[in-house]
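Sharing a structure below in structure tokens format, with a few things to ask.
Think of it as A, B, C and D in the order they're written, each chain with its own count starting at 1.
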Amino acid sequence: MMKRDLILQKLRKLLPEGAVSEDEGYESGVAFSARVPVARIVEIASACDHAGAYLESMTGLDFEDTAEIVYHFHTYEPKSRFSLRVLFPHEEKIPTLSGIFSSAVWLEREVREFFGYVFADHPDPRNLLLPEDADFHPLRKTFGKIAAYRKREEIYA
Amino acid sequence: MPKPITPPAVDRVYTLNLGPQHPSTHGVLRVLLDLDGEFIVKADPVLGYGHRGHEKMGENRTYKQFMPNTSRMDYLSGLLYNHGFALAVEKFAGIEVPLRAKYIRTICAELNRISSHLLWFGTYVMDLGGFTPFLYAFDDRENILDILDRVSGSRLTYSYCRFGGVCRDVDDTFLEMTRAFIGRLRSRFPDYHNLVTKNIIFIHRTRNVGVIHPEQARQFGVTGPNLRACGIPFDMRKVEPYEIYDQFDFEIPVGTNGDALDRYNVRLEEMEQSCRIIEQALDRMPKGGPYLNKSVSFRLAPPKGELYFAFESARGLTAYYLVSDGSPYPYRCHIRVPSFSNLHVLTDVFCGTMVADAISILGSIDVVIPEIDR
Amino acid sequence: MGYWKEIVEGGWSLVEGMRVTVRRLCRPVVTVQYPRKQLNLSPAYRGHIEFKRFPDTGTHKCIACGACQRACPSHVIKVQGVKAHLNSAKTATHYFIDFSRCSLCGLCVETCPTKTLQYSREYELEGESRLDSIVDLMARLEQRNS
Amino acid sequence: MGSLVTSEWFRLVLGLVIVLAFSQLNALFLVWLERKVAGHIQLRIGPKEVGPFGLLQTIVDGLKLVGKELITPRSADSRLFPIAPVLVFMPVLVGFLVLPFAPNLIIRDMNVGVLLIFAFSAFTVLAILAGGWASNNKYALLGAIRSVAQNVAYEIPLLLAVLSVVLMVNSFQFSEIVKGQERVWFFLIQPVAALIYLICATAETNRAPFDIPEAESELVAGFHTEFSGMRFGLFFLAEYTNMFIVSAVATSLFFGGWHGPFGLDLGVPGIVWFLAKTYVLIFVIMWVRWTFPRLRFDQLMNLSWKFMIPLSLANLVVTAIVLKLV
């Protein structure tokens, strides 16, 4: 059995009905994606860690009504990328994954400086790419010239 | 895992500022090294000297306008980035690509991969103090640049791919040049092996240096040749075949120890595999036919939703994460770059090694800093 | 015995390496002595853009539609045109590009509806200030005509 | 008048003037040669613009260096810092006094010539240490420390290799040693010693693959990172002059000095033989530099203590026993 399916089973067990949506054709580049409550992201991510997935990418999204962080995982097997999505209000602190994946340290530093989403208990909360005294968050839609600032449901029906 | 070193007394540790204008930090990397004598206690890379805000730029540009940006992230494999972005948007917006264009792109992308590896080969040996192989590799790389220059008009930032094809058709001279180049490169490999691979000094400088364990690689999200050197055959071209890679017969070279020597061998073998792909593509390429789907509008707007498209650049798994709100401007354009993770793992690997080894490891990992800074 | 084996094999590998370099020493050089000798430009070479001159009209065909201006990712193109009289087609009167910010992507050339733009084949450009990199396409066309 | 021309003092002064002129010109020529050799090995031309074949290029470069500002870093040791480049060049000149260019072309044919040359060549390490320390720069200091460790380690096998030659002729006098090679060059009798000498000499002069004190990919420029203008130029010239001296010593100790091979002089004057052999050796050292990667510091030490010293010791013992028996 593939690790991907193991993780899918696990997530179905751990998460409430309807939180996991599968993408059979791999159309959007992920096999399935799971909506995870902020409080449980550490628990879910460590389940993925035990199953042998690696944290491939992590990025923020900024919507008018909510903030979102998308974690992409992969298990080194064919077509086995999956994503975890966390929705939270802009000001809320998010638990850090740096205790589970070492790669999360830098990825979270990047998300923090570019979006201003704060990670609670992050071991190294300095700026990574921006100057150390930068107090702006360039990828927030409130910064600089933008094409549109939308609510989440306008994009994800 | 690297062997733990006993932390020395605080007053013995001094800080060495390696970079950003150091001869062998490849671009603008700066590493703050805490040293005990010649041994590294802690390494802290300082990044961002090349930050241009490509992700923000992506949100302010149409998809077509973002294409020239893509080759400026990893300037050594710009065409691979172009190719990946074209593929991502084509998949997102459902654009048909003519078969001939697919072959042209594959050939050019693999040529670009070889050129990137050649440059790495040269600079790596130069980091180790051997200056001459650098120029031999550049001699070969010039040939690739001539070939790509002939079709794309550029030698570094190609902007060659378009959504639905490529911007310029190739001619017979291109095919001849490519064939001639492959023969030439193969005839040069024995010299490279005699000069570098078999060299006792080189072997001593790389064997068991900078070992990355598979578990460590997974923790830090290492991809590309660095991961394959640890023995994990993870290559997007095989795992999630895109374009026409599933039609070619090629292998994924893997190493065993995950040390610098394995990374070296994997890259050298990858060049050979790329040659194989190019040869097959040259043989099977349709003789005529369109090279570009000209129906793609300038203000092309993919449907609402998102797409995560991963491909294999010269340095590892690269991905475009595009979110569209149905307008011609992407709502979010995130780029997952391999060097980011590959450099991060060094903070771990560096501990306990000597300064000279740190240079060797940094070179062997093959990072391009502007790609990290974006 | 590994000690002796390493000395012999290691020593031999060094000799092999020296054979490679000395063979190259006797070969002709591959570099081109640039200002004295120049290579042929690639047929696809992308310099900054310039107007094509069409033989049928003897001039450019720019209608100042502004497609290139909108297509340019770096906003380096400024084009203006006038209509000679109310019903006539527009023709360009001014066309400037700021070449220092151009990324040579070629989108302007591709979007041009009248195909009047082409890449120049100049590569030895120099100037004393940033302003020297502003290219006046109309003036260049006239220069070539005269 | 006649007594003045033949007097020791006149000889010495004239010799010094010639040595000064020759060593400078020779170093400039060697820099040019190095760039040409490197160029052609790397399939390019090297200097070619100034003068025929670019021969005057290094002179122009030297003039440029003379014209440059001498920068002393603010936190550098203001007394030691300017002295170091002078210190490094001084011992190199002394070496020329005892080199046997031809039967009658030795400025001072001392009976301890070999000793003198190695005593003074050990002096350069002091200058390098002074330069590295005075710069007050971490890269420079690391380079200086490496240099000291390296020179100490390589001096031992170097001298042991030389000793086995000295044992054969029972003299420290260069002319005696060269005379002993009229029929057979010593490198045929002492191949191991010759090889060890060449390797250690490369290390002594901080040449690649043993150039770790100035390893540019690790330490930027090592001990001379902070030196500018002609101070850097002196370090640079000293390196090349040093290279000439070790090659000249190798020629006289192992490759027959002013003699042709197997006693065949072919009517060629001794000095031509001598210089030709020296420049061939210099070419080999350059060839090696442009072929190999650099060793790591601990590997360098290993090579000396684990391979060179035991081998040279064994060679010395065997030489001694054989000489006793014969």
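Criterion: contacts are C-beta pairs under 8 Å (C-beta built on N, C-alpha and C of every residue); 3 or more make two chains touch, one makes a residue touch a chain.
Given the structure is predicted, the values throughout are model-derived calculations rather than measurements.
Looking at contacts between chains, the pair that accounts for the most C-beta pairs is A-B. Set against the C-alpha centre of chain C, every other chain centre is closer than that of D.
With centres set at the average Cα position, the gap from chain A to chain D is 62 Å.
Look at where the CA atoms of chain A average out and do the same for chain C: the two points lie 42 Å apart.
A separation of 25 Å divides the Cα centre of chain A from that of chain B.
Put simply, the C-alpha centre of chain C and that of chain D have 50 angstrom between them.
Contacts with at least two other chains are made by residues 132, 136, 139, 195-196, 199, 201 of chain B.
Residues of chain D in contact with at least two other chains: 41-44, 290-292.
Listed for chain A are no residues, as none touches two or more other chains.
Across the assembly, chains come into contact as A-B, B-C, B-D, C-D.
Contact residues on chain D toward chain C in their complex (touch as defined above): 37, 39-45, 48, 287-288, 290-292, 307. Remark: chain D residues 38, 41-44, 138-139, 142, 208-209, 211-212, 215-220, 290-299 touch chain B in the complex. Considering their complex, residues 7, 14, 17-18, 20-22, 24-25, 27-31, 33 of chain C touch chain D.
By the touch criterion given at the top, residues 6, 9-11, 13-14, 16-17, 19-21, 24, 30, 42-46, 67, 70-73, 103-107, 110-111, 119 of chain C touch chain B in their complex. Chain contact summary for the complex, chain B toward chain C: residues 61, 64-69, 72, 132, 136, 139, 146, 149-154, 157, 159, 162, 167-168, 191, 194-196, 198-201, 298.
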